[in-house]
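Here it is, the structure in full.
By letter and in written order, the chains are A, B and C; residue numbering begins at 1 in each of them.
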Amino acid sequence: MIELRDISKNFGLTHALNHVNLKLGGEQCIGLIGPNACGKTTMIKSILSIVVPTKGDILIEGKSIKNDVSYKAAIGYMPQIGRYPENMTIGQVVDMIKSIRNSHEPLDEELWRAFELEGMKDKKMHTLSGGTIQKVSATIAFMFNPKILILDEPTAGLDPLASEILRDKIKKERKNGKLIMITSHLLNELNDVLSHIVFMEEGKIVFYKDIESLLEETGQPSISKAISHLLKNLKA
Amino acid sequence: MKKLIGLVIKDILKNKVILIYTLFLAAFGWSVFGLESSTAKGALSLFNIILLSVPLVSIIFANIYIYNSKEFIELLVSQPIKRSTIWNSIFIGLLIAINLAFLIGIGIPVMVFTPDTIGFSVILTGLFIGSIFTSLAMMSSIIAKDKARGIGVSIMIWLFLSLIYDGLLLFFMFQFSDYPIEKLMVLFSSLNPIDLARIQMLLQIDVSALMGYTGAIFKKFFGNFYGYLITIGLLMVWIIVPYLISLRKFNKKDL
Amino acid sequence: MNRFFLVFIFFISIFYDLKSRSLQVGSQHPFKSIKSALESANNGDTLLVYAGTYKESPIIIDKKVTIIGIERPVLDGEHQYEVVSIKADSVFFTGFQVQNSGVSSINDIGGIKVYDRRYVTIQNNILLNNFFAVYLQYSRHCLVKDNIITSNAQDEQNSGNGIHCWKSDSLQIIANRIEGHRDGIYFEFVKESVVWRNIARNNIRYGLHFMFSHKDSYFSNIFENNGAGIAVMYTKHVFMANNSFINNTGDACYGLLLKDISDSHIIGNRFIGNTIAMFLEGANRNKISKNVIQENGWGMKVQANCEDNHIYENNFIHNTFDVATNGTLVMSYFKENYWDKYEGYDLDRDGLGDIPYHPLSVYSYVIEQNPISMLLFRSFMVTLMDRTERLIPSVTPEAFVDLTPVVKPYKL
């Protein structure tokens, strides 16, 4: 469903992405993992063409994203830090996106209800806490039943209850056959959610494996332990 | 696209600055005609405002608006909308808002007091100048990295076109006064949109004086039907080209 | 006794009238040509010339006759001759269309030319395409009235003036309309004459042009859209009132050029839409007042060689520049004019502004030195320059000032 072909992105002299090749199939829940500034967010933003790669091509469902934006209708994106027009209320933002998407599919308003956003509908964006903004972002990402979900640090800033709700939702959607990409540092939280891991460092993909083989190879009981084990080995 | 333009306009109209700007123009427009002994003189005073305030307000307001819409733009880019659609909508929304403010503030009093060619030129000039500087704001906001620099660049553009450029022209006129530079100077002054608009107004207000020495060249170049066409064409270029540059840059920009 | 005397005079005059004859000219009349009628006419006779075209130029009127055109007969010079030459005193010439005089670079050929005569009247004629239309030389007490004079002059070399007067005095030039000649009205060495209610427009050089013509008066004339406007020179004691100088525009074109004009009055005239409404060069001791100076490029240019002119109680309205000069020396005086650009106030409500007005714009100075800089007029930079100069005059002569500008326009 998502294919990155020799993607490079330079910010000045730094190589945020360095000849990245990656092919992600359906029905996976991929954890995108790596140290800070390894290029995770740049990769996600490249897929959404928020960042324009210096080189290479990205294909979504076999089609290049270069001159066609319609693929974005198939993606639900939850940014790391959601930024919304300050003067708009939650309700207005959601309505605006609804009207832009102009989707005729039935809307998935599960998170809207679960996060109890209805009651805060008329609050302006700039009055909201970081956690509430994340809730709005998550709601919007899931609302249009996208085939692909890209979640950048989804649980950061959420309280345990909301975090739980979101995790359940992710699981549910995975079962519905969606491709889900998650970046996170809080790996323990995602133990039971992920099916695959993409590990990145300095703009390159170190490996792309499913969880079982990862745990097997490293002989560790959990993802986070496996990763730290790998990191130590890498440094050594 | 229409939806987006609507959203942008709604968003701008919620902004108090544009309302204050409209009120300022209206207060000026009505008081000028109220205070000045004659409407022609009123139109002239208005004209000075148009050449000074309209560009400054347009470019700075548009600039700030674009920076403040950063989140809005980011949000939209992650949705299935073309970047050019987003940028076009913002531009058109700004054009409508800024020109609407002008039409309400200045257009109405002008139409009430001097519904003649001079009044009409005042309005047309104002619309052109407002649009040009909005377009320049689109460009400066995409060139400069942050808000402060963007405003800095905007003020520099404004200062350059409304003051420094003319100063340089005057300097050259005196430096090379022994040479036949008339045509060259006409050419140079037609490259600056403010000068271009100003000269068209001169042709309306100071036609007697222009019939004097240099007037011939003046009138020949600007005063006839083709002159008007050329003027309007050049002003259109000033609206379109900076915008197209900004659009190209925006399409490749990392947000 | 007195009454008898009057009756006696009455009979004498009837008798005298009876003695004078009336000669009729026309294809259906006793005289077929004007020339033959003139030959048999005596002083005091009247020639009645009936409609038709008479190609018998030059017609020389050398007797004191009244010659009247009936239903506007046409006298045609066939582009070769002087059409009518008046060489007798007291000729009364009226009702004709005089056309197509010859053109010459040696002689001043006229449509109607008066040679060294007195009491000649030329009235109610149409003069069409003549070299000089009405030409008076060494003449006195002549009247030129109600004539319509048109030509289609193309250049100054091959065209003459509408009404051309030379070395004459006590003339009356009244209510003529002159278009398309070189100069509309031209005076040289003409004294103590009156020019009243004439209209001179679309002439290729000057609407009115005079030199060395002292003590003449010009009332209620309209000079409009003439190639070089109006130029008057080397004359003293001119009186100009209630004239209109309108739309005389162009390079070196003046609403009224006053060159070496002294001791004259320019009062109550209207100067509208001229490139330069009034240009004073070597003009001394003139009084210029109650004029409306409106919508001109320059209201007045007062050159530094002018002295002791008094400019007062005029309205300066909507001129691009009210006043300009070429030097720093100012010996003319501005007083109680209305300037629409004046931004002072009148706190004591005496009708006079409380702060002086400096009518000279610094930028007019700049333009004087470098004409192309007109291109930058009304730009922000120029406005700044002018404002600064008004606050702290440094370039413009301090003496160029109206200390008592009025705050309301005069009703003129």
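In this section, a residue touches a chain if its C-beta (ideal position, glycine included) is under 8 Å from a C-beta of that chain, and two chains touch if they have at least 3 such contacts.
Since this is a predicted model, take the numbers as computed values, not measurements.
Comparing per-chain C-alpha centres with the mean over every protein C-alpha atom, the closest match is chain B. When C-beta pairs in contact are tallied for each pair of chains, B-C comes out on top. Ranked by how far their CA centres sit from the centre of chain C, the chains are topped by A.
With centres taken as mean Cα positions, chain B sits 43 Å from chain A. Centre-to-centre spacing of chain B and chain C amounts to 48 Å, using the average Cα coordinate of each chain.
Centre-to-centre, using mean CA coordinates, chain A is 91 Å away from chain C. For chain B, the set of residues touching two or more other chains is empty. On the chain C side of its complex with chain B, the touching residues are 249-251, 253, 273-276, 295-298, 317-321, 340, 366, 369-384, 409. Per the touch definition, chain B reaches chain A in the complex via residues 3-4, 7, 11, 14, 68-72, 74-83, 252-255. Within the complex, the chain B residues that touch chain C are 37-38, 40-41, 47-48, 51-52, 162-163, 166-167, 169-170, 173-174, 177, 181-182, 185-186, 189, 194-195, 198-199, 201-202, 205-216, 218. Chain A contributes residues 11, 45, 48-52, 69-73, 75, 77, 79, 83-88, 93, 96-97, 99-101 to its touches with chain B in the complex.
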